[in-house]
Amino acid sequence: MTDIDAATHARIVDQLNHSSVATLTHWLNGRGYRNAFMPGLACVRPDLRMAGRARTMRLVPIRPDLSDLFLSRDENPHRKAVEHIGEGEVLVIDAHGNAEGGILGDIMTARLKARGAGGLVVDGCLRDVWQIKPLDLPVYTRHINAAAIQRALSAVEMDGIVACAGVGVRPGDYIVGDPDGVVVIPAPLAAEAAAYGAEHEDLEVFLREKVQAGASLAEAYPPNEAVKAEYEALKKERAQPS
Amino acid sequence: MTDIDAATHARIVDQLNHSSVATLTHWLNGRGYRNAFMPGLACVRPDLRMAGRARTMRLVPIRPDLSDLFLSRDENPHRKAVEHIGEGEVLVIDAHGNAEGGILGDIMTARLKARGAGGLVVDGCLRDVWQIKPLDLPVYTRHINAAAIQRALSAVEMDGIVACAGVGVRPGDYIVGDPDGVVVIPAPLAAEAAAYGAEHEDLEVFLREKVQAGASLAEAYPPNEAVKAEYEALKKERAQPS
Amino acid sequence: MTDIDAATHARIVDQLNHSSVATLTHWLNGRGYRNAFMPGLACVRPDLRMAGRARTMRLVPIRPDLSDLFLSRDENPHRKAVEHIGEGEVLVIDAHGNAEGGILGDIMTARLKARGAGGLVVDGCLRDVWQIKPLDLPVYTRHINAAAIQRALSAVEMDGIVACAGVGVRPGDYIVGDPDGVVVIPAPLAAEAAAYGAEHEDLEVFLREKVQAGASLAEAYPPNEAVKAEYEALKKERAQPS
Amino acid sequence: MTDIDAATHARIVDQLNHSSVATLTHWLNGRGYRNAFMPGLACVRPDLRMAGRARTMRLVPIRPDLSDLFLSRDENPHRKAVEHIGEGEVLVIDAHGNAEGGILGDIMTARLKARGAGGLVVDGCLRDVWQIKPLDLPVYTRHINAAAIQRALSAVEMDGIVACAGVGVRPGDYIVGDPDGVVVIPAPLAAEAAAYGAEHEDLEVFLREKVQAGASLAEAYPPNEAVKAEYEALKKERAQPS
Amino acid sequence: MTDIDAATHARIVDQLNHSSVATLTHWLNGRGYRNAFMPGLACVRPDLRMAGRARTMRLVPIRPDLSDLFLSRDENPHRKAVEHIGEGEVLVIDAHGNAEGGILGDIMTARLKARGAGGLVVDGCLRDVWQIKPLDLPVYTRHINAAAIQRALSAVEMDGIVACAGVGVRPGDYIVGDPDGVVVIPAPLAAEAAAYGAEHEDLEVFLREKVQAGASLAEAYPPNEAVKAEYEALKKERAQPS
Amino acid sequence: MTDIDAATHARIVDQLNHSSVATLTHWLNGRGYRNAFMPGLACVRPDLRMAGRARTMRLVPIRPDLSDLFLSRDENPHRKAVEHIGEGEVLVIDAHGNAEGGILGDIMTARLKARGAGGLVVDGCLRDVWQIKPLDLPVYTRHINAAAIQRALSAVEMDGIVACAGVGVRPGDYIVGDPDGVVVIPAPLAAEAAAYGAEHEDLEVFLREKVQAGASLAEAYPPNEAVKAEYEALKKERAQPS
């Protein structure tokens, strides 16, 4: 997990919280990261933004002998990943899109929240979603299934590289969510992506307002040199002490 | 349809209304009922709980000669099932997940409500969903399709055993719904399931509050003997006249 | 595109705004238009009704040499269709249900709204949906994908006949949306459909109220001669100057 | 099950064995039977034609208490349907397209064959397909799954009306299969359909040979009056004693 | 449709007939054509290779008024595309993957063959597939459905740009098929792709034989300088007059 | 990977080669291994049986920075897994069912065969399938896609626990294939499963012949005591020196 100092991390998270997933996805595509967005996940709390570094958990379809892999219940990656999440981290769960059992319910998710987790992304199912909703945690899930995980899946690994909703995820990646869905940013690109995202979001607001005021696409989007200059002037003006 | 006396039924319904679908599904799994939850249904009214006994209707893809099966329009199981629903009963419709025509619209559903139905579960489509929403009836459906049933399906049976969203349903089963979805409880197990569900829900609230207050999974979930004792003590205390 | 004079058009739109998609779909089925409803689209703004004439755009999976088809960026049907939408018109986009890139984002959609568009129907993906939602435009889409169109699709035609969500659409068709979804009405049938729809909706309200007041299906639905007479009498009464 | 005398039945079966499923499907569509073909089934033995009357079996997802429905194992519709199949009859199995357990294996299918069954159509799974293949029975199935039925499904009814692969099926219907798939013909229409099918197949061979010899579509297909006269003349000629 | 002289065309076709679809797809990917292969099509005649230039037909879901688009039956793109196919050309049909009706049956396909068509690619259904198989035409289709097109689709355009099985296709593209499936090569790239494909195929045979004789991947694949030199030497040797 | 001595292993493989996948799946279900069969895989060589111990490879969706995980090309699990396969081992590939790029082509697969591999199971795509077919290796794959892996997936692990086609797989498991598909047997259960499978297969042949000779299900299947005794007697007789 690439090391990033606390101040840089704080700035990245702040900027990502002011970037849209669409803008970040487009920027990553230009860098050759063509599969950065996770399609098909439901956004449980569209009113919350998510931005934090990835921790991962990987599950495979259950078989009785997988239970002998771990010395104790608390060693099981299913519990361990929840219990070891750090402040602001996002738990990313690879369950191959399995639709047959809820991987986390309200109590496990409440524990994530209590430990300060920044979010939860599940390529599988949650249960107790109506009791998860009030926890004020950004949550994205592929399915809901009230059956418990024991009939369907077994956790086999924590903090490995995983596949989640069509995207490869490495621990330490920045995971960003808005109501469009979730995008994955490799840690070494995060500072640049975040700076671009926040700046671009500001420009987009400016352009959208121009368009809403009547500007045609030819006049405003994508912005030509004149529009860009106008935007730069406005920024300078806003930066002036009044 | 297993006979259950009115007082027992009332207590079961009351307890089921205080149980989560996740808890009931888990309990049933432990009894060998592995397919008790219906995945993939949309919950039209997440603000309403559903708990009542099943009545069923079965449809097959339409063919012109199926209309000669019934003596009169009112003998058609499609109308008959709606018209014969009893107080608190839940109509469960097996349409094989058909996506091509709305089985009930707003007027038929309003009739269900007027007769006191406790809910509606459709493994197929509804139409007029926006006018069904205000009826204050718990409704779960696989799809929405504004086309009328006449182009797609024909009802052939009422109150038979059906398959609905991957679960076998017998008339008289208890059907319970919350925002996670719908679970099916065989009548002979209902009293025990309901008692467990309500009790367990109370315990879950206690545990969730512990976790939200900072307890780790090892300390609180699943509850060890000390935690269980604490819960029992709290219950006793609450039961005291103040 | 069938010519319809302004007064007729205004009346049609007004009546369609008082018709349900379910009623219109059923009426079209009776005229031999069996595939008139578009199943599987999400309704982004269930609080808004949509009724307007269709403009179309067709896209195919991207390949680098498709960019040489158009003289300039503004000639590209992707921009042209947005920039040429007329007052009250509905843009219908055929992207074969592609799930891999957002065809329009918030700025392009804001331009549609600024030009007075009556709605947007996408058999593919949108991006920036959370910023599209506040634009007060009726929008229906199959998917959301934050990735930009450039990695997935290329527009090749504007105002041709298209396939959208399983329905053939000709420019000039009336496109009507409510929370059930979207229905397509051929222009030559629109006046008759709209008149029927508005009238029938009024009757449905009358019948639903009867049913909610306790009438059985046999007494009220579908309406027999007595009920129809009662409705006619009520209409006459309402039409009286008070 | 509509009564048809033995001689008529024999002639129908003979003619259906000389009709293509495509021709029969088209003829039924013209009679208002729009869903007569079963899409999505694999043809296990493309070298065999199938034509016989339907017997049906219906299954629902398993639950432990369904086993109390029948007095003895041999009363279970799963075994009874196999054991009661008649000479030339086709067993049609409604399992909702379930993909999780093989409904019949090689021994049950061998028993069908030994009793003289005319075919097997499964909207679900078979197992032991490689040992079923050599049995010389026309078989159509949606899936293959080596797991046994006990983990997935329970038979609840024999000889009821069922839904199979999108088509409503009544016991006694004629079920016809060729490598395109399976079509369902209501018994009262069978004599007419079979006569048309066999006659039309003969005409199609004539037309295909014309086209293969160089005739354009305008000259040969669909046949104009001259081509029809030519065909009639040829038939007369063939009918001459030589 | 890019002009290519007859001799060049003949050489391209010959080389493509000695190239694998896998090799061509990989080469196109390197040129930025990332969606060149059509996944999900069944190969009806795995014993035949296909290589020819594309003609296209586009269909949309049927509606009764689409029949008024064409002056006569023979003007309908459905018949016209078949009747105007040229020697060696491949008919590519865009039907959005529709599964509900067979677009061509045996007689229309026999006409394609009689006119010298080089192949048929259908993003939809065929019917009469068992009678199409003996026609010795390379055919690829997404589905089989014995129902005739009249209940499902209407052709609206011939020789436009289409989408077929996830690939954009322009008339005149080279369409190549082997048992893996179908790949689309833009005409301006065809000569280079074909030359590469044939050469590479020869090298692959050489490498496969080396591997089958015991060479490790490190020794043989991808080929290092020594292996390439060995191959060049072998080629020179084979080119010697004996 | 559980240690099993060579003689035992040889006997297990021999017995598994005489067991049907259906029988083994059923036996495992009885031991609580409910997800042992892999549904949905195509059998490329139905004429070959497969039985061997699992080696595994895991891939995730491609991203450019995954290439920095390995020191050299030959360290990449994609090549390493092929190059390190042992005599009789079956390579099991977890690609989450990805449909976008062929993980192995003919040369890599030829190398597997040259190293003595016992089979190949791919929960993803192969390419060059027509050139893989003649290699005389048992191969099962979910899809075919002629595009190369580089555009879609990156291998991240060799010989870890994986999920393949809905089944959890540990290195060293016995992987058995017949035309029904593939089943996974945990190593500690393999000797018992294999002995049961071979014995049961022999009994099944006996029972099938009885049924084909006219025995009813009640008389022969499942076998009652008399039938079992008859079978035991026959076995004893066959065991006699003649």
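Order as written gives the chain letters A, B, C, D, E and F; numbering starts at 1 within each chain.
Just so it is clear, contacts are C-beta pairs under 8 Å (C-beta built on N, C-alpha and C of every residue); 3 or more make two chains touch, one makes a residue touch a chain.
On a predicted model such as this, the values are computed, not experimentally measured, just so you know.
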Review point. Given a C-alpha superposition of chain A onto chain E, how large is the rotation in degrees, taken in steps of 5?
Key: 180
Exercise for review: Compare the contact pairs of B-C with those of each option in D-F, B-D or A-F, and report the one where over half match by residue number.
Suggested key: D-F
Practice item. Could you grab the centroid distance between chain C and chain D? Build each centroid from C-alpha atoms only and quote it in angstrom. Key: 41
Check your understanding: Roughly how far is chain C from chain E, going centre to centre by Cα mean, in whole Å?
Key -> 37
Point to revise | chain A and chain B, separation of their C-alpha mean positions in angstrom | key: 33
Point to revise | Junction residues of chain E - those touching two or more other chains | key: 34, 36
Revision key, fill the gap. Chains touch one another in the pairs A-B, A-C, A-F, B-C, B-D, C-E, D-E, D-F, E-F
Point to revise | Residues on chain D engaged by chain E in the complex (per definition of touch) | key: 20-22, 24-26, 29, 34, 36-37, 39-40, 46, 178-181, 183, 204, 207-208, 211-214, 216-218, 220-221
**Study point:** chain B contact footprint on chain A (complex, rising order)
**Key:** 74, 79, 82-83, 99-100, 102, 105-108, 110-111, 113-114, 127-131, 143-148, 150-151
Review point. Where on chain E does chain C make contact in their complex?
Key: 31-36, 59-66, 69, 96-97, 154, 156-157, 160-163, 166-170, 186, 188
